[in-house]
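The block underneath contains the structure these notes are about, expressed in structure tokens.
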């Protein structure tokens, strides 16, 4: 046990539970030794279920444990940058859920702390580890589609979160599109300009909360390619996650993921069931692959596959998109 | 006009009308100069619609026209062999609808007459000219799937014909499976043994008429491959026409053909409409390609692509299948 | 023959030949009585092939024939509006290929002449008659996807036209996207604002000719929906024509159209052949359905299904898109 | 821990390792307390990896542990029936891998011992727990396809096992088709007659070892339906596992399962990668669901979902198929 990597985890909500389970049961060479949560009962439950020996009083208690080498931060978004800074100062390696923050200044302070401490920071953009997106990335890198010209991301949730959540979410672009901005960068590199069109089409209450629920965003990439992102808070048929990249040598595209491959033909139609309903089903394996990649970068002392800079960049795009929507004009990222 | 091939057609029912239209409007270098039918009004109507100059009193009148080089026989099955013999004796080239006959002796007499007269005879197995089946044949011939091991034909009609028709049809194997037996030969060559299982599952009235409506036939080919044919008189979702050939280097298979490529995703399911409903929709282009191939073999004086022997062989398989079903044992074609 | 509609056709190039064939062979109740072309040999050839009795000296000669009720204009784009005006003044009903013109003033003059003469004018946006697009339109109209929120059109050609053509084409938006602008209007109604991003990615020579070859256009519709159009002059895998409309009740989308439905599985991959290569293959049936609809509106004295106003509107969008691209800002149609 | 179900496992080869992992990490409420194997090192390795506290000397040592309630038998096939009898006599519940045995007398003795002891016995037909097959079963049970008429199972391995294995395997029908015979029964119930055609097409060495590598089997079901099974030891494109059931109200069918849903379109073709390569990838989740079902039937004291009789029945079909192949005639199960 002495050479296993010892991990502490803060935040045992939905995504924290996923990471705790992965760390406790799916990845060899690692020990999840402590969890903590502002809701102590939640932390106790996760600890019991995953056989985690310690429920820490708070994040500081985890940081105070010298035997712990790395922390996994799954707590509320507004705690991300302070926790990153504390963990860096304590010399712990860090895995932090997305988004780091909607505040660029706070992000920059956190990244600076990480830089100073010389610890590793990986941001939880799990979709990069999805087999479909991985295959598309591979097709681009191998030149299977030649030089990329166009890219389209369809990213629609099955149903909107509660309006109470929308109100504090930072808005569609920071809360939801952030994943798609990261995917765009993952696939085609830096974005230089963005134009956002959007509206309230799903639920007027979302508009009353100051947000939109539907958007189409045009991206211009540094390499000259052009892309779009299509977002809706509500696709009644389920989680819709598709990507197409078109280039000089062809096109690569992904379809949705289904619970089975069964087709039914009747006198009415030829049909199949709905795609996997939401991110916890659709992207389950990606969370495990992602965490394994984090552990591996600690074990092998290699750079994390998703860096702090990767965490910052989509926030800049999101802020530019928000301004574009407000001012109805293309906005250069250099303006942010 | 002098160098156009002049054609007479007998039988202006459903399939005769298709061929008349193709000859009159779709194929250059040919003149449909006369039609005839036991129902004179039907012949008159087709002549008027397709601008055919002559409605002949009967088939003999067509044969008596020395300017006519070839005849297209679309009349009732029991007229096929006498008409073939008369046409051959009159020195006309012949296109005859399938099946030639259910009577092997009658077929042999007709083929002998054709042989003696030195005219061309082509049998109307239109499915050979369907783009899907053509592509499968091509894959086999090019070696794209290596050496064929297994073959499956799914061939299901959308709904059974009237029981009155069933009663005189010669039975499922001669009436319906004949196309599939031909397809099997087209794709993998000679059949040496057949085992048929079947039953009355669609409509008891079909059983009372002495026939079956559902069958699974196992074929052993001369080349060692094994195949099955799956027949039903009633697929409620429409015409089901699929083929798969599996070999040492892979597999080639065809899907059904649809009127559009549109998918609808709703809260219920992900669906498309039904496949093309029946042979007149599904195989429309094949009838045109088939007739063009007949005209071309006349123009270029080449052998017809579907010969009299090709017309005889599936009848032998059908008779073997019928005996196999009766006696519940595999039957060698050499027994017939 | 006296009650057949008599048609004259001008312009026997590629598309003129298609319409001539449809009129001569596929549509009952109509007589194509005269054709003409600046290239007399081309007109002679078409006349011979389709058994058209007269090759007129010029369009004026067709208009001078009082027995002719309607004209089909397939000549060069710059002749469209003068020919429309002449035909209207001669009291002929008119079918005119797209685009009417790239000059709004010329269009308005032509439409005014049509209005004054009280003749029918139908514009050749054939894609509206394609079974896929028809099915998508039907899904919207029947409410199968609820209220439309988002729309995406993928429209990519297999290869660019010669640069000599590009130079006089009026530019990508007027020459190629015009079809997609029409499709957008056909599906979701009036457009109020457009934002165009684009570039030269396929061939620098296109850029040197003052045009772009790749574009992504964002459309805002009067009904609040948002859409995109994706254009490329070169999809190496063939003609790429897909549409998706997403709404409150679901999504409807079309896939490409293939010459067969055959899949090949080998040790390398699971594959099918390429989609139909270009518009003459992909949209063949739509040209016939379109022309039948024109004839029917004459026979039944109903309004043409694609009006002069429908011909004008996408030109306005194209001009707005061109300005948007030049000025890199969203442009309202009211600015044009 | 006192109320957890305590399990011992014998046989830590490929499939034993899968079950050990499932029991140790994926199913709550169970303790895998001991493993054993004739290869002690293998058992030690699995115990270390899965944190199993005890490596037992042999199966008898497991049976001697009174705290153990149930055993999982993954050892060689010829040990199945003796181990079942020993375990039953020791009062342990039993999960046993398929096939129980190729010897009907041995099976009957084992089932009698289970009956006498009143313990539960579940047979490891994991495919019943696959989401695709489950969905097909559900469609049948819900009447979504009406009354079943026809069934087809495609079941092809990616490559044959070593000839040394073939020689002791009991033959294709007992070794490989056994799964498909079980699937046929799972979906459509009892089989009454079987006709098998087959040959050596993949590798002559398999023929020299006295076996075949390719087969098509026709099944007649007690309910009147007819089915086929298509087997090959070598599908070069990977594991091919598809089922179709056709009935009076429609058809339900499953496609293969792929590692991603990505399509690549290039100038050559439109393609995707190969299906999942073999049963460990394709059926992974089914093993977990299967074991969970076993544990649940212990916890809730319900009958096992796959009984000893379910383990015996496909062996009878396999023996009938073998005789059918030898004698080239349909064989009734009542003959065995």
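Each chain gets a letter, A, B, C and D, in the order it is written, and its residues are counted from 1.
The criterion applied here is as follows: contacts are C-beta pairs under 8 Å (C-beta built on N, C-alpha and C of every residue); 3 or more make two chains touch, one makes a residue touch a chain.
Note that the coordinates shown come from a computational prediction; the quantities given were computed from them, not determined experimentally.
Q: Between subunit A and subunit C, which partner chains are common?
A: A chain counts here if it touches both subunit A and subunit C, which gives B, D.
Q: Quick one: how many steps at least from subunit B to subunit C, stepping chain to touching chain?
A: 1
Q: With contacts counted as defined, which of the two, C-D or B-D, has more C-beta pairs across the interface?
A: Answer to which pair has more contacts is B-D.
Q: Quick one: point me to the chain whose Cα centre is farthest from that of subunit B.
A: Max centre-to-centre separation from subunit B belongs to A.
Q: Centre to centre, by mean C-alpha position, how many angstrom separate subunit C and subunit D?
A: The answer is 58 Å.
Q: In whole angstrom, what separates the CA-based centres of subunit A and subunit D?
A: The separation of the two C-alpha centroids amounts to 39 Å.
Q: Centre to centre, by mean C-alpha position, how many angstrom separate subunit B and subunit D?
A: Taking the average C-alpha coordinate of subunit B and of subunit D, the gap between them is 43 Å.
Q: Going through subunit B residue by residue, note those that touch at least 2 other chains and give them in order.
A: Each of 235-237, 249-251, 265-267, 273 in subunit B touches at least two other chains.
Q: Using the touch definition up top, name the residues of subunit B that touch subunit C in the complex.
A: Subunit B residues touching subunit C: 25-26, 28, 49, 131-132, 134-136, 139, 144-145, 249-257, 259-267, 273.
Q: For subunit A, which residues count as touching subunit B in their complex?
A: My answer: residues 235-237, 265-267, 269-275.
Q: For the complex, which residues does subunit C have touching subunit A?
A: Answer in residue numbers: 146-147, 149-150, 152, 156, 195, 197-199, 201-202, 214-216, 218, 220, 224-228, 230, 232, 234-237, 240, 246, 248-251, 328-330.
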